[in-house]
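Multiple structures are listed underneath, in structure tokens.
Here chain A shows up in two complexes: once beside chain B, once beside chain C.
Up next is the complex of A and B:
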């Protein structure tokens, strides 16, 4: 997977796309175990990647915004500031 | 969601109705980057329009 910020952010976006697709499928196939395994697998991957991104750069959502010295969520760059790639 | 097997129940289906076969999913694309650019992770839904007809 990616190493620098833009690549990691793009990879998170791609895994998020995969999860959206699987969600749409599972909504109409709620007993498809195979699809559920795929979903669980990629869901864990996305959480790991988001956690990694949050530690290295800034939190992508408030659930990853645990802070001590400064309020990391508030200090994170805003999307329209062109930092999010 | 009652699933009528399309192939051997076709005679029971009323005419003048549209039917969408139920999606059977087995394996998704391995290359996620390619799937993302293709616009789907499902090989069975990858139907690029070729200017005249879908493949």
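Up next is the complex of A and C:
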């Protein structure tokens, strides 16, 4: 999955969508073991992908924003500008 | 507590500005059935929700609504970005422009500003969850109305995504209402308000569902 910036960001959005759906589902089905297995599986994948993206391009959240020369979080693109902007 | 993810929940990449569309879509930011109203409704209702599973659902859906508010704002921003004076005058955008230039401000399409009276926190779980179910359907209808007005695929795709989320949230709130009713008196769900009253069975039924 993901060999460039836009593709990897899109893939993160897809995996995160799975997690959003599972979170809401589990809120009302808190004993569904299959759903919990799915959640755990995709949650691990999402963490790996976010880490990869944040190291290669820009930090997606402040927990991945450790910086040396410049404040990477502050220099990251603004999501509402889109890629056509 | 919240933390920010520096990405949109679903991509918004609009090529051509279009102030006419922006004026309609802005209703899903600051209009009566918009995303600002949705997020504030659920996040405010949490405190008087006596059942933690349901309060947790209000938190998670309220949080997702903040992400939707950001998407709608991004659509409005990208549709009004780089507008010329000629386009502003021609598209009927001048009445918005005069007060907000090209900033994104919460208002309904017809110019009524955002107001907390667009949602309710009644402090009664059945009342609040029933409002939430209606709110999801009203937002879904609004997105249906928007989709009849627009054809541009780069605008339609994120709007379709948002419309689908209303349906999922409606489903989850239906389950939350059932979970609430399961904790109440099956012969009369309205015997008391579990966020306020104490019921007469409290002493012998510690999990009777009431506040006590």
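Please note the rule applied: the second predicted complex is superposed on the first by the 79 of 85 C-alpha atoms of A that agree within 3 Å, B and C clash if a C-alpha of one lies under 4 Å from a C-alpha of the other, contacts with A are read in each partner's own complex, and residues count from 1 in each chain.
Keep in mind that, in the parts below, contacts are C-beta pairs under 8 Å (C-beta built on N, C-alpha and C of every residue); 3 or more make two chains touch, one makes a residue touch a chain.
For clarity, every value in this text was computed on a predicted model and none was experimentally measured.
**Q** After superposition on the shared chain, which partner residues are touched by A:22: those of chain B (first), chain C (second), both, or neither?
**A** first
**Q** Decide which partner touches more residues of chain A, taking chain B and chain C as the two options.
**A** When the residues of chain A touched by each partner are counted, C comes out ahead.
**Q** So, does A:52 touch the first partner chain B, the second partner chain C, both, or neither?
**A** The answer is neither, since A:52 touches no partner chain.
**Q** Could you tell me if A:35 is touching chain B, chain C, both of them or neither one (first, second, both, neither)?
**A** first
**Q** Between chain B and chain C, which residues of chain A are contacted by each of them?
**A** The answer is residues 13, 17, 21, 25, 28-29 of chain A.
**Q** Which bits of chain B are touching chain A when the two form their complex?
**A** Spelled out, the residues of chain B in touch with chain A are 1, 23, 25-26, 28, 32-33, 35-36, 40-42.
**Q** Provide the residue numbers of chain A that touch chain C in the complex, in ascending order.
**A** 9-10, 12-13, 16-17, 20-21, 23-25, 27-30, 58-63, 73, 76-85
**Q** Can you tell me which positions in chain C touch chain A when the two form their complex?
**A** So the residues of chain C in touch with chain A come to 3-15, 53, 56-57, 60-61, 64, 70, 73-74, 77-78, 81, 168-169, 172, 175-176, 179.
**Q** What residues on chain A touch chain B, complex-wise?
**A** Going by the criterion above, the answer is residues 13-15, 17-18, 21-22, 25, 28-29, 32, 34-35, 38.
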